[in-house]
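So that you can tell them apart, the chains are marked A, B, C and D in the order they are listed, and the count of residues begins at 1 in each.
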Amino acid sequence: MKVGIIGATGYGGLELIRFLHQHKEVESLQLFSSSEAGESFSAKYPHLEGLYDAPMEAIDEAAITKLDVVFASTPAGVTSKLLPSLVNKGTKLIDLSGDFRLQDRALYEEWYGKEAAPADTLSQSVYGLTEWNADAVKDAALVANPGCYPTAVLLSLLPLIKHRLIDPSFLVIDAKSGVSGAGNKPSQGTHFSETNENFSIYKVNKHQHIPEIEQAISMFAGADVSITFNTHLVPMTRGILATSYAQVMPGVTQAQLVACLHETYANDPFVRVVTEAGAIGTNRVKGSNFCDVFVQLDERTGRATIVGVIDNLVKGAAGQAIQNMNVQCGFAQTTGLHVVPLFI
Amino acid sequence: MKVGIIGATGYGGLELIRFLHQHKEVESLQLFSSSEAGESFSAKYPHLEGLYDAPMEAIDEAAITKLDVVFASTPAGVTSKLLPSLVNKGTKLIDLSGDFRLQDRALYEEWYGKEAAPADTLSQSVYGLTEWNADAVKDAALVANPGCYPTAVLLSLLPLIKHRLIDPSFLVIDAKSGVSGAGNKPSQGTHFSETNENFSIYKVNKHQHIPEIEQAISMFAGADVSITFNTHLVPMTRGILATSYAQVMPGVTQAQLVACLHETYANDPFVRVVTEAGAIGTNRVKGSNFCDVFVQLDERTGRATIVGVIDNLVKGAAGQAIQNMNVQCGFAQTTGLHVVPLFI
Amino acid sequence: MKVGIIGATGYGGLELIRFLHQHKEVESLQLFSSSEAGESFSAKYPHLEGLYDAPMEAIDEAAITKLDVVFASTPAGVTSKLLPSLVNKGTKLIDLSGDFRLQDRALYEEWYGKEAAPADTLSQSVYGLTEWNADAVKDAALVANPGCYPTAVLLSLLPLIKHRLIDPSFLVIDAKSGVSGAGNKPSQGTHFSETNENFSIYKVNKHQHIPEIEQAISMFAGADVSITFNTHLVPMTRGILATSYAQVMPGVTQAQLVACLHETYANDPFVRVVTEAGAIGTNRVKGSNFCDVFVQLDERTGRATIVGVIDNLVKGAAGQAIQNMNVQCGFAQTTGLHVVPLFI
Amino acid sequence: MKVGIIGATGYGGLELIRFLHQHKEVESLQLFSSSEAGESFSAKYPHLEGLYDAPMEAIDEAAITKLDVVFASTPAGVTSKLLPSLVNKGTKLIDLSGDFRLQDRALYEEWYGKEAAPADTLSQSVYGLTEWNADAVKDAALVANPGCYPTAVLLSLLPLIKHRLIDPSFLVIDAKSGVSGAGNKPSQGTHFSETNENFSIYKVNKHQHIPEIEQAISMFAGADVSITFNTHLVPMTRGILATSYAQVMPGVTQAQLVACLHETYANDPFVRVVTEAGAIGTNRVKGSNFCDVFVQLDERTGRATIVGVIDNLVKGAAGQAIQNMNVQCGFAQTTGLHVVPLFI
């Protein structure tokens, strides 16, 4: 297969390269950039010297539509304009930005503060939460790859909401992310001396992943919810851990909660149900496409603590995107992704 | 004043030394250790070379009761046995362990798994959450210095619960701490290579600070609550940030929430009400005795996000202990503590 | 191929698993442990849940000699006793400890403070600095995999010494390592709160890698040297950067130094000659088997700065060991190792 | 005393504030900024909320010359233009930039790539390496506060060179710094995700502190030297550790080396001679004005390893500047600086 990446210079792009490099079905990999076309990729990223030395190519429709699959890994607001004309030209498209995730254009414009993608293209896009939507992904011309936070939150919460084990009326989701989620552009908020040894909260009640999570809970678990969702910055590079809280439904036991997770993901190679709290941590999934999920009922209060853990750059971005490509192309989901987490 | 520290070799002890060293009312500082008596303090902690080279002293009742103030900074289960015979001998006692915080002995034994302190000594101990209990601290022979998490949680939540601005029936508290809270004893869970670049959850629903927080909410805000409280380990050394969630009472506005915090702490030098989310972070209080508090109402859901931030070793331990000493001794609360946070 | 790892629970073992898991010639992987036999591997290391759940096996000669290749990744002093009886039984052996690196038994005993391996086994061992000794490795029954520091130092220095471009009479080598080099056993020196945000020097002039480096310089570059070599601990998990200093020989130019490195490694897939100082850093090789080398002549002083950079756990341990296995077994050196560095 | 800081928004400025806040002789502190005049200081730096809320003042000669002491903490190239007209107007000046350190204007222009300060002002400036130049500092109208690296290097090397215990003809200095030395301006090279978990070398043989070190060795130790000096970036915020290497003179012993350091600094409160390698590390001086020095002779090679450790923002900048102010004003050197290192 011939594969391309638009916006390869971001961290999502780097991770796509890292995994596609080892993907046995990928024959060639072309890197596109709007602003840095012509520049050698390894001149920008010396860790790829000897691996990806060729110059980046300008974004060109003719070149792109010759490819089998194209990943778009650009900031929000770019692919809503770039991809519509590429849909249904025979090239499978996977968008890692937020532009095609929200089906409600008004909602996008409210939370992103940008113009939404055209309605007709939106209606053809499929939300690529692979474990929950593989059938639709299979035939999708355009996959909207989920956000990093929604992936960790939804994989841990959806089974329990869908099976009515927890009460969706008061869902509190407290999420924490490593700094790589902020991308590769320097700013005061990601300046080493002020980020290192600092734990902070950001975008209080305003994160654009809120409507994405609510839409997916409605879509996959049939519950219309208003979540409380906050995000924090952890002084580390990779990893998301989302801790959610909800009242369990009357009579629900710890065993039922755990069984629900086990049953839901019995055939999913990348979701692991962890039963020891001590085994939950971002380094257990680091560099891999795993999502570890955990639930613990507090008998004292009748509330459950539900945890989802991912590597934000892998299962939260590039890894899930390749998992979706595998589904679209009929490969095993694990092709190119069956790696051991780094741990240290 | 002549001051002593029992258990000086822990991190709480080190911070007591750091601040007492600069305290203008402290004339001498004696360091006691059960296991390391006779060893030079700076031989163990070379950063104190030239400052505290004298050998540590054995714990001796006669020596201790000659002092004006003694801080006990030992693990749980030690001071419950050590301090009872020292109470009311003329030496002011400040205990940084958890042994005298819970008035209910059964509760202590359930959550700590150790024998509780004698009831008569317990009844003389005063819970040293300075901003809320200074009058009682003033005359206390034995101050039970609050836990690190409870300090951050209570200072941010108490005003809002007391004034019935938030609904205490469903309180979710998601707390995060730097690794120094685990003390100075090496373990797999604090081994650098497995702690660095790892964010994890621990003691799910089982942290011994749960009953301490519930007791204080009852005591100071008159509400009997069952909190949901979880703790996470952040790959940094210092700092606690606790994010709490609750429904606000009908009609309550953001302005009321903020005003409540401002009014509560108008005369407290160490609590700062922060109104910009971007200004909340553990590095803003690092090395200082400040507690920064923040509240944000989400109009969409009617729930409030409430944040408390401290340096766990200062306001969460040594700093608050010295603040209590200042109150006990009639000094200004800021004596020896009026330092600028490090930030970087 | 059937492959085994003795001492799989160390960090070297974890990295062997990570790479062997993806090695297309490896059919089965058995994990041996002396102290933890019978325990599920993933119970100890939950990041491997679903991947390596089987119990570890006791170290058993009969079981081991049925394998094609066995890696020994145990502390110094263990394999010197364990491996002699396994040599020449048809199983290829690769030892990651220091026990078979020094051919001079007295030198081993002086620097390691342990009894050296038997002379006859030592004489059959081959020093596995792959780029410099592949011919000997090919036929070796027992490969002594190089130390982490020696790998970074030798790959950068050997070409310049061998070709007499730098003066070996005054070689200063200042090396820095991430904390994972200290292994997985907790100690005060690797306790997070005292290691984080601390840069320190250790084993001043006493590191056991000194004689290993000197032996290899003599063996591969024909120069008998007494190096000055010091090691420092960097508050990060992975990576070694070694900075060496030497006077260049009269008339030697920067171009000659760079050309020498380029020519030496023209056909070596894992050594990259970096020509921009800004492109040198441990994150450029993180998680990969690359060694980046760099040289810069200071015209002002006539001295060269020579840098070698590796991931200590990969090229400095498990990666190079697998590279040696590939050579022993006649596979391409890059088999199972052709991965893209993580960078972030 | 009335004190001012020009360029208060840099990290040097923040540390000046942190220490001057506690300095008993400082009655008022005015903060000046060229670009941010009028802005509230704590609006920019919320950790100072409640402490320094007043707006910054424009840089105004009349306002400045009313002060007793003014610190200039601006980037290189600014004070060379700003300070000349302020000299000898009755205000003591302490410049933390590099503009007045090099007496040779051509050397400044070569290494800094900027126009040098006027010769007549330069000739009035005194190099403020306090331990070695206090007599001159005492009467100085303008103190050129030393660079961070030179402070660590010179305090450790000068005694041994001056007393001819080491051979100055081949001095190798390998220095490592935390990231705060790069200042508060975001850049790719200080972006968290690319700086964290990365150890790198920078400005190979080109650091502008090279001529400063050489000038000081000539000035204070009477030796004209050409040093080899390289700098590395450590993924931590604070701290410099410089490791130097030199041949010792014939017959020199370890005891003589240590004695020389002890005798040199017998009366200096901020230099500590450390005799255990295990006690050397940047966290032992963190947040304090200490410089720890160490020397170890390697009998095997006849070479000495010499180490100097400081907090780059304190002894390497703001702390030493205040130490110089104390000398200029006739206060004890330790006034306002006698703090205990943070260690953790």
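As a convention for this text, a residue touches a chain if its C-beta (ideal position, glycine included) is under 8 Å from a C-beta of that chain, and two chains touch if they have at least 3 such contacts.
The model shown is predicted, which means the values in this text are computed figures rather than measured ones.
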item	value
Which of C-D and B-C has more C-beta contact pairs	C-D
Farthest-lying chain, centroid of Cα atoms versus that of chain D	A
Centre-of-Cα separation between chain D and chain B, whole angstrom	36
Between chain C and chain B, distance of the C-alpha-averaged centres to the nearest whole Å	46
Centroid distance [mean C-alpha coordinates] between chain D and chain C, Å	38
Shared interface positions of chain A, touching two or more other chains	11, 180, 193-194, 196-197, 235-238, 278, 283, 286, 343-344
Contact footprint of chain C on chain B as seen in their complex	11, 179-180, 182, 184-188, 190-197, 235-237
Contact footprint of chain B on chain D as seen in their complex	11, 14, 17-18, 21-22, 45-51, 180, 197, 237-238, 272, 274, 276, 278-279, 283-287, 313, 338-344
Chain B-facing residues of chain A, complex	170, 172, 174, 176, 178, 189, 193-194, 196-205, 226-228, 230, 232, 234-239, 241, 243, 245, 247, 277-278, 280-283, 286, 294, 296, 298, 300-301, 303, 305, 307, 343-344
